Amino acid sequence: MARGGTAQWREPFFLLSPGVAFLVLAFFFPAFQMLVLSFLGKGGLADGLTLEHYRKLVADDFYLGVAWRTFALSIVITASSLVIGFPLAVIMSRAGPGVRRLLIVLIVLPLMTSVVIRTFGWLVILGPGGGLSWALKSLGLIDRQISLMHTEAGIVVAMVQVLLPFLVLTTLGSLNRIPPDLDRAVRTMGAGFFRALWHVTLPLSVPGLVSGSLLVFALSISSFITPSLVGGVRLPVMAGSIYQQVTGSFDWNFAAVLSVTLLAATLALIVPYMMASARMGGRQ
Amino acid sequence: EETLVINSFGGSYEKTHRDLVITPFEEEYGVKVKVITAYSSDTLAQLRAQKDNPQFDVVHFSGGLETTAAAEGLLAPIKPEELTHYDEMYPFAVAGLDKGVGPMYSTAVIGLLYNTEAVPEAPTSWKDLADPAYADHVLLTDAAGNTYGMLGMLMINKVAGGTLDDITPGLDFIKSILPTSTIVAKSPEIQQNFAQGNAWIAPYAQDYAYTLTKAGLPVKFTLPKEGGVIAPITVNLVAGRPNRELALKFIDFSIRAEASRGWAEALRYSPTNRTVELPDDVAAEVTVGEEAAAKLVTFDAETISKNKPEWNEAWTRAIAR
Amino acid sequence: MIGAVPGWVRPLAVLFVIAIAIFMLAPLVVVVASSVSASEFLVFPPRGLSGRWYAEVLQSDAYLSAAWTSLLLALMTVALSLSLGTAAALALARFRIPGRAFISSLFLSPLILPSLIFAIGLLMVFSIYGNGPSLFGLVIGHTVITLPYVIRTVTASLADMDPHLDEAARMMGARWWQRYFLVILPQCRTGMAAGAFFAFNISFDDAVVALFMRAPDVETLPMRIYSTLEFSPDPSVAAVSTIMIAMTAVLVLLLDRIFGLSKIM
Amino acid sequence: MSHLVISAATKTFGAFTALHEIALTAERGDFVALLGPSGCGKSTLLRIIAGLETPDAGTIEIAGRDVTRLAPEKRNVALMFQSYALLPHMTVTENVRFPLRMKGGLPRTDQDEKVEEALGLVQLHDLGGRYPRQLSGGQQQRVALARAIVAEPDVLLLDEPLSNLDARLREDMQVELKRLHQTLGLTTVFVTHDQTEALALADTVVLMNAGRIERKDSPEGIYRNPGTVFAADFIGGANILTITVRRSEHGWSGTLADGTPIPLGDFSGLAPGRHRFMLRKEQVSVSPSDTGLIAISGTLEARNFLGGVTRSAVRAGGQQIIAVGDVTEPLAIGGEVTIGWRREDLVPLAETAAR
Amino acid sequence: MSHLVISAATKTFGAFTALHEIALTAERGDFVALLGPSGCGKSTLLRIIAGLETPDAGTIEIAGRDVTRLAPEKRNVALMFQSYALLPHMTVTENVRFPLRMKGGLPRTDQDEKVEEALGLVQLHDLGGRYPRQLSGGQQQRVALARAIVAEPDVLLLDEPLSNLDARLREDMQVELKRLHQTLGLTTVFVTHDQTEALALADTVVLMNAGRIERKDSPEGIYRNPGTVFAADFIGGANILTITVRRSEHGWSGTLADGTPIPLGDFSGLAPGRHRFMLRKEQVSVSPSDTGLIAISGTLEARNFLGGVTRSAVRAGGQQIIAVGDVTEPLAIGGEVTIGWRREDLVPLAETAAR
């Protein structure tokens, strides 16, 4: 948008600079602090920079295992959210206003409930003698008490409940932007319900699915309250290990190493995904 | 108005803390005490992050972190003559002063908690944890994230023949019962597991047994024949703060007999002030007196502090699936 | 449309939605149900029925002051996050700026850095270069973690804005402040409302940054709940949570009234 | 049996009735234009034929088969949307191929050939690789047209197919559409708001008004004898004169609103009284003086050069009368002029369509 | 001094030059139409006058003041956008009042009065309380028009002000716009892609092509003598004949592409050789037999009834020639016909505008 009379850069500059300055000071500076920490010797700056903490990580397949579990869980959580979230978003986008409103409340309410409390709810449901066990038993599907507490499946269940809203809401945003005529048009061209879904609705909701699943992935890979409460101490994940290093082992340098690793791994997955989807989005 | 910044542990603990110490102190000295709710490990983390510019004047630790903090120079040493109530204390409660840590103003005692309905006969030994009768109903607490859990692990290790320099026997014992046990990280989960009938027996603190009883659960504390562990609850002076005098007054105030008795009455923490006299019902639910104290084990705080990171790693690996 | 949805898909969809509803609400139901339990500890199904935990919460200075702190914190966070975020989103959405993609990803990056890591770093910065954590520090921390949400929602709401509106306003003689307050900001008010909603809730609900950025006399509600659970896990935490759920529900309905939910989300 | 039969089709949206008992038939190969003001229900009627809306009452038959309750994808009907409805994630070629893919049964090379052919018809050979957002509005419209015709549907429905083209391209496309129709012989129903386009393209013009069919006739028929005031006004914007008709021994005569007397032809069957008559703009002559035709005098209010012809607005007989034609003599705005027409150019109109 | 003076205005977008050294002047009260194909730079020119784009070179003067570097809000120019740009969060009344509020200095009651008046002009009295989204496209367009005129700007710029209206409303609005212009006497520049509209409304028609002014003249002047092939083709879509011109002792003569001989009038100054000529469609007659005019024979390819007139496409002299007019005799498609015109109807054209 060119403008006569005024310099073009001035308006965006004034709009952007407070935010950028804030981010640099309040976010990148602290984050950088952690990065530096990961290279510092135990004695602080006096010791100079060192790679010893990274060596500890690489030499140790325990933490590689933790990293792998975290990654695998995040991918399963993200995939589950996609599989449940996409049809739900489609149903919401096509429901009448009343049902849609109800579903949005249904989706937003849990999002806004304290994690600690919500996880407590899961403890009750997933635990031995809890609601799930009881329900399955009443249905005759199992004969002894089962517990999803302290299992990977339990983590996935609880995390999906926490993160599903992010996926559904962003996907819904994309779906709402699809002109309804498109679906009708392909119906008149001979496409049935599912083919219209496949050829029109799905490809056109890709931007929402992508940003939603990125969000879910980033939030699940870095969450620790729910995984540690539901998964327990025997299924450590990265963020929990970082917390543990900070507050239990007091090895901040190693905590920083784990943080940097986690971040790098997240970026390694997210950046190509974002670039690929930008290419796809660019086609629309 | 002078102010003092301290930490407390939140919940009913903090409420009692205010009643017994904080509010009376404010009234007596006409000062303001600001409280930050933070558990020991979080407090230490904060102290470390603020090494050059701490916000706390006095910090409370439960479970032994004061030694670590002292070793890192985060605490200021206290001289016996700076505490007017020094002489009223059991020796173990002020032994740390030499090493630069503050006095224990009360203690939690680690023993075994058991479900009185599922287990009519109280367990008598730490080794009972391996008794097949309790299979699938043993509840352990994470030793890396929870200091009571760590002390319990050290006691098991001791009973299994290990030492502070070698915890392999303890870990081996724990590994052997792992398939039939549950490990939790936080105390609310202990409550949850007892309430749902999943837990019958659990190494944990005497005061928490009282919390569970108060909540209506059929839980009792027992001190096994090998004894229990003292989990120190200390009040410490933070280094590098300007108002040392007032902070010392607060610490001295914390270890007075009234306070120590109050902790026992309200939450069943065991007194560290010898002059405390307790009603019988309370006395029955705490570990009190020279004789009882003799049954208690105190692990060397310095060694714990030194070995802690290593133990954490070993423990975490031992239990990880 | 005839056959818009094949006949057999409809009941399946209904079942699916019911299953999701159960899944999403189950933990909340547990919490709400436990809050009316007469028993001393959190238990489900509740034993007995009682409102005493609500009475306890509403009479508890600790809860009330924590709620007040959280409210204050959330409101300040919303104000700061909304000002910074809206301005940045306006610049990013309306101008062809060199490196726009890069700047956008800068603003979204707090999303991918685990807030735990950020919180520790922030605590160090505040302790090394300042007087340690404070309410102000928490506001800063919460603003960082909520900023991406504001940027996203405001940017999304601007996607549908006619770029000529601003020009039209200039043609009609509007000065810059008139353009912003009479033309541009009204266009993104649904985005701002959504951003404010997310920012408010994230701040009100955060337990991670607050865990590290603890300051004297600044106890937030989630921290209060957390510590209560540790030492006296009675149904009062369930009661507090139920109240929070109810407040959120009211907030959601209010937003729906004013802006229409489907536009915002 | 007719190829397309719509019987008593009614469609309501809540309390609003968009279509009132529409009855319409078209033979195989017919080219029907739907004409009418905005909101009169043209698109809704197309959507009912396509199966995108279900009529509340009435039936639709296509090729002898009742399709009223058949899903759109099973009707073999193509609809070109007013909004184009191009798939934004597909190229022009992919868009045009889409109906062929959905129908199935055609090998890829044959599909390519048909797509090429359709793109050729709409003069878009070169743009096959572009995405819709890379096209101008007019180009998008032509892609939509190509996509509608490519699969040779039983019934081709076009909703304002040429509205976004500039005059020149539009003329080209009209010719193309007509030729296409003659070649393929598709039964075609198209919507337009442009009278000239309807008259130029269709075999049959259907004029709709407020959810009803006002008039159905050949282009010339509807133009020459629109029948109702609405139709006369809408088709070609004629002058409408209100004349009080009298019958005397000398024949018929009448007076305009301000009493100006007007001789009339023979309107047997017309009751005496106030009636409305159509007078086409191009049948009115304007001159400085009497010309021997039926003539009244008035004041010239405006002159516009329209290219080829001149449009004059004259105030006469108590109303404004528009004349379109060559006016070679120079006339002064505000000056006195005489307007004239032939007796038979006055066409009587009914107030409303008989229902 | 002229009221609006554009001198040598050039505007580039990256490597693309949207406007090439445009020079244009308009007197106070002039009504100028900008005409030209899509993408030729019409909107860009308006935006430069409005101050929304800064020219890379050249100056803009309004009322004797150089405004080239003046911010748009200080120019007292109103621009009606092609996309209307109505403020969606304000009612119709608030939208129309907006320019008055921004200008300031007018008491609220006077503002109300002016808003009322402007809404009256566009026939939207009743809809003042509605929001833009509650209006049809045509109504929105009229609101935009009302908003543009309400503050009586020095220069009124209209970008396709009537493009979205149906033929009838459009005619009404043209009349209204013309009347408005006469009443307020605003210097007006309006963009249209519709030749008829440009001819009907403007005092001066400016025909643009690829960023340049191709032709500037009065409507009749540009219609009668477009000067270039492009202009002839664009204005009224004339037939373009390529004739090889020869000069003999008997005068001028020529041949069409296929060798058909054509008598010519006197074109002194035309060099012998191939030239292009314009022949207006309405100046071509079609008849079954020779009529005594200049005449060639051909085959009738298509007939269309356009309402009032008939359009005939005839293949003759190696090309298609279109004739528009009354054809009363019945003619068979594919049959032999004779087309004729008057000698003086052939207008010679330059290939490109002189630059």
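Chains here go by letter, A, B, C, D and E, matching the order in which they are written, and residues are numbered from 1 within each.
Note that a contact is a pair of C-beta atoms (placed from the backbone, for glycine too) under 8 Å apart; a residue touches a chain by one contact, two chains touch by 3 or more.
What you are looking at is a predicted structure, and each value in this text was computed from that prediction instead of being measured.
Engineer: Tell me which chains count as touching both chain A and chain B.
Structural biologist: Touching chain A and chain B alike, sorted by label: C.
Engineer: Just to be sure I understand the contacts, which chains border both chain E and chain A?
Structural biologist: C, D
Engineer: Does C-E or C-D have more contacting C-beta pairs?
Structural biologist: C-E
Engineer: What whole-number Å value describes the gap between the mean CA coordinates of chain A and chain D?
Structural biologist: Spacing between the chain centres: roughly 56 Å.
Engineer: Round to the nearest whole Å and give the separation of the Cα centres of chain B and chain E.
Structural biologist: Those two chain centres are 91 Å apart.
Engineer: Approximately how many whole Å separate the CA-defined centres of chain A and chain C?
Structural biologist: Centre separation, chain A to chain C: 16 Å.
Engineer: Which residues does chain D have that touch at least 2 chains other than itself?
Structural biologist: In chain D, residues 51-52, 71-73 touch at least two other chains, as defined above.
Engineer: Do you know which chain A residues sit against two or more other chains?
Structural biologist: Counting only residues that touch two or more other chains, chain A contributes 3, 120, 124, 130, 184, 187, 192, 246, 252.
Engineer: Residue numbers in chain C touching 2 or more other chains?
Structural biologist: Residue numbers touching two or more other chains: 1, 3, 42, 120, 124, 167, 170, 226, 229.
Engineer: Looking at the complex, which residues from chain D come into contact with chain C?
Structural biologist: My answer: residues 51-54, 69-74.
Engineer: In the complex, go through chain C and note every residue touching chain D.
Structural biologist: 1-3
Engineer: Can you check the complex and tell me which residues of chain C touch chain E?
Structural biologist: Spelled out, the residues of chain C in touch with chain E are 162, 164-165, 167-175, 178, 182-183, 186-187, 189.
Engineer: For the complex, give me every residue of chain A touching chain B.
Structural biologist: So the residues of chain A touching chain B come out as 62, 65-66, 120, 123-124, 127-130, 147, 150, 228-229, 232-236, 244, 246-252.
Engineer: Where on chain E does chain C make contact in their complex?
Structural biologist: Against chain C, the touching part of chain E is residues 50-52, 71-74, 76-79, 81, 83, 85, 87-89, 98-99, 102-103, 147, 151.
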